[in-house]
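All chains are identified by letter, namely A, B and C, in their written order; residue positions are counted from 1 within each chain.
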Amino acid sequence: MHIADGVLSPEVCIAAGALSLSVVGYSLHKMKSSLGDRTVPLTGMMSALIFAGQMVNFPLLGAPISGHLIGGVLAASVLGPWAGCVAITLVLVVQCVLFADGGILTLGANVLNMAVIGSIGGYGILSITRRLLGRGRFGTIVGAVFASWLTVMAAAALFCLEFRMSWLNSDFQFQNIFTWMVTVHSAIGIGEALITGFAVSFILSQRPDLLHSSEKPAGAVGTFSRALAAGVVVALAVAAFLAPFASDFPDGLEAVAERAGFNELAAEPKILVLDDYKVPIAMHGWQKVSVSLAGIGGTGVVLIIGLLLGRTIKPQAANAEVRE
Amino acid sequence: MTSGYLDRYGRVQSLCHRLPAHIQFLLAVGMVVTGLSIPVELWPVQVFLICVVFAGHTLAHVPMSYLFRRLSLFLPMMLLLSISLPFSQGFERGWEMMVAILFRSTLAFLTMLWLVNVMPFDQLLITLRRFWVPEVLIALLSFMYRYIFVLWDELDKMRVARRARSFGQGRTIHQWKVSAQLIGMLLIRSMERAERVHSAMCARGWDGHVRKLDSTPNTDA
Amino acid sequence: MENASSQIDLSIQNLTYRYPGGPAVLNQVSFSVQSGEVVGLVGPSGAGKSTLLMHLNGLLPEESARSENSAAVTVHGLPVVKDHLKEIRRAVGFLFQDPDDQLFCPTVLEDVAFGPLNLGVPQQEVRDRVTTALESVGLAGYEQRSTLQLSVGERKRVCLAGILACQPSVLALDEPFSNLDPRARRALLEILKSFEGSQIVATHDLNLVVELCSRVLVLDNGSIQADGPTHEILADKKLMDDHGLEVPFELR
């Protein structure tokens, strides 16, 4: 998920960097009002936690690579969107400058894709889901799972956009690399949804008070900004699946974004994603694969939710595993 | 993982290590930017620059085995990313792009590895402060660095405890669940520790305002 | 207010505390500590020793950071309420049980300087205080050392230095000797013996209480069960047995 130097052009890096800088700067300001003098210890510790957590291996059925936590939604679910964003930013900075993991010039793009979209966008989705499905165990776990998968897909879309803008003067087709990205990120998203879902489920069973709940009353402004964040993520996630078609239909991305923005406030995000799956477009080989994977991804997300919630029916068994 | 891990080669003495931190930083970033600015067609220049970076590593006493190990993890990933390029319209253009991306990213990666190894963490913080990064971010980085190792140790202990009680592989999903719960447990413990640290900070007059000791010419703080 | 020879540093009157929704952890606790006195606080686990100590510098009750009401605890005559918290936290140095909870900066210099900087001490004086504090705990020259690579004993001593740099008049110590090997324990003990202000030390290590403390408080079930000279209290076998303690070897 970390973009290396050389993949994106300097102009795109600067643009992404400027955007990230302003959002992170804003987050720094906002998190102080929500965390007060606990800002440094809580956010710093969360950064250390995400960093340590990313070292945990999640084996992939004998494959040489393993899955890892990204952590945007996890951080936001405990500390809220702003501190979550800053925490992930710190992790990315440390990974870049102490591990050479992810480029230095592409740091802005990485922060945008993972900290801004991942945490702030993820919190938007989590929050909206809890509002729609209730703030209990059900709503929170469903929200965490959705938020994880959707933010990873949104990061994929953003990467495709950044890559396209970097190589604007090239005259070759981008479908294949986009399809490849979407495929890979769909799998990563499933992994992230599983890990975050299990982790949040565990935290709910032990210390539900640790999960961040907004102090803001259900006023219009609070809901609007959360819907906005969620809407951006969903629009991007949808765009991810249309990215392989983008060269054929340059207006496709814009049309989808508009529709997603208007429909978002009323409808459940998941239905929106599957709706576009049915868009009748002539498909070439690779694109069929991508769209099929969209379906599989969506189904996978539903299965994960079932898995996580199913286990809550057996509290004795869950507790026995939990006691370490 | 011990605290020496991140700074393994940071305490070595060499020409490169003796450069002031901000010079090291600017050199590295400069090299990355240069690499990116070279047009795709001039890829031999990239190769030359890569040799320059290898020379830098030699000057900094970085072992070649370490470099090759890191490269062996990095290059396959980059290959996977760029392999789709030649398989699109026009093999020539695609190969050129793939080679360009590979060289640029390898050059940048090796450069960052150089920087990682010649600049220990405390120097990094000083450099960041010099480049106008807000104090609160520096305090956060400092704090994070302090506790990464504490959490790593706790994670290790929990993993050992788990391994001592698991009798065989178990389904993959089950393994994922247990590992994710480890992370959840670590999160809970860490947040509880953060509360205790907050109390300790308040006990010594903390009010949320980050205060720093000025550097004096003869110390590194 | 009080004359110099019998100055009261700490005064606790009828302190009662319960966690939200729980039973009383501390019940009508009353005692006072004179200037220069070293008091040992002993009792079985869960008796409320840590909770009591955390009242001495306003970390508990949670409302003390916000409330204006009169408090059960006064330090140098100042009630522990919001307005006086800064001065009280300077006057009462609190050593936590786990040094990793208290040592949160990457270098020793930064950590020991933390307190004085928060107190608004000028930069050069901060450095002087750090040097003095590190010398008094036997870690002279440790300023540039990374806190990550110190032993447990060294970390405890750096924490103590961090507190001493604030120039407190009272030390509140929560299990200071736990997890230390005999040499580190001895080193810490000698440092504490040389401290001139008053101390209240919560500990399980009764042998060290005999050496360090002139007075002992036995805390059990949230209230003070005994208060008197060390040799009398700790040698009372029945008292010790009743409260899950043992008579220290030297007093048998």
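Going forward, contacts are C-beta pairs under 8 Å (C-beta built on N, C-alpha and C of every residue); 3 or more make two chains touch, one makes a residue touch a chain.
Since we're looking at a predicted model, the values are computed, not measured.
Taken as a graph of touching chains, this assembly is arranged as a line, each chain contacting the next along an open chain of partners. Looking at which of A-B and B-C shares more C-beta pairs in contact, the answer is the pair A-B. When every chain is reduced to the mean of its CA atoms, the largest separation from chain A belongs to C.
If each chain is reduced to the centroid of its CA atoms, chain A and chain C end up 46 Å from each other. Per-chain CA centroids place chain A at a distance of 22 Å from chain B.
Chain geometry summary: the mean Cα position of chain B and that of chain C are 40 Å apart. Residue positions of chain A touching 2 or more other chains: 41.
Residues of chain B found to touch two or more other chains are 121, 142-143, 145-147, 150, 193, 197, 201-202, 206-207.
In chain C, the positions touching at least two other chains are 104.
Chain B contributes residues 3-4, 121-122, 142-143, 145-147, 149-150, 193, 196-197, 199-207, 211-214, 216, 219-221 to its touches with chain C in the complex.
Chain A meets chain B in the complex at residues 4-7, 9-10, 28, 32, 36-49, 51-53, 55-61, 67, 69, 74, 78, 86, 90, 93-94, 96-100, 103-105, 167, 170-177, 180, 194-203, 206-207, 210, 307, 321-322, 324.
Residues 54, 57, 59, 65, 86, 89-90, 94, 96, 98, 100-107, 109-110, 113-115, 117-119, 123, 126-127, 143-144, 146-149, 162-163, 166 of chain C touch chain B in their complex.
By the touch criterion stated above, chain B contacts chain A in their complex at residues 6, 28-29, 32-33, 35-37, 70, 74, 77-78, 81, 84-85, 87-90, 93-94, 97, 100-109, 112-113, 115-116, 121, 124, 134, 136-137, 139-148, 150-152, 155, 158, 161-162, 172-173, 175-188, 190-191, 193-195, 197-198, 201-202, 206-208, 210.
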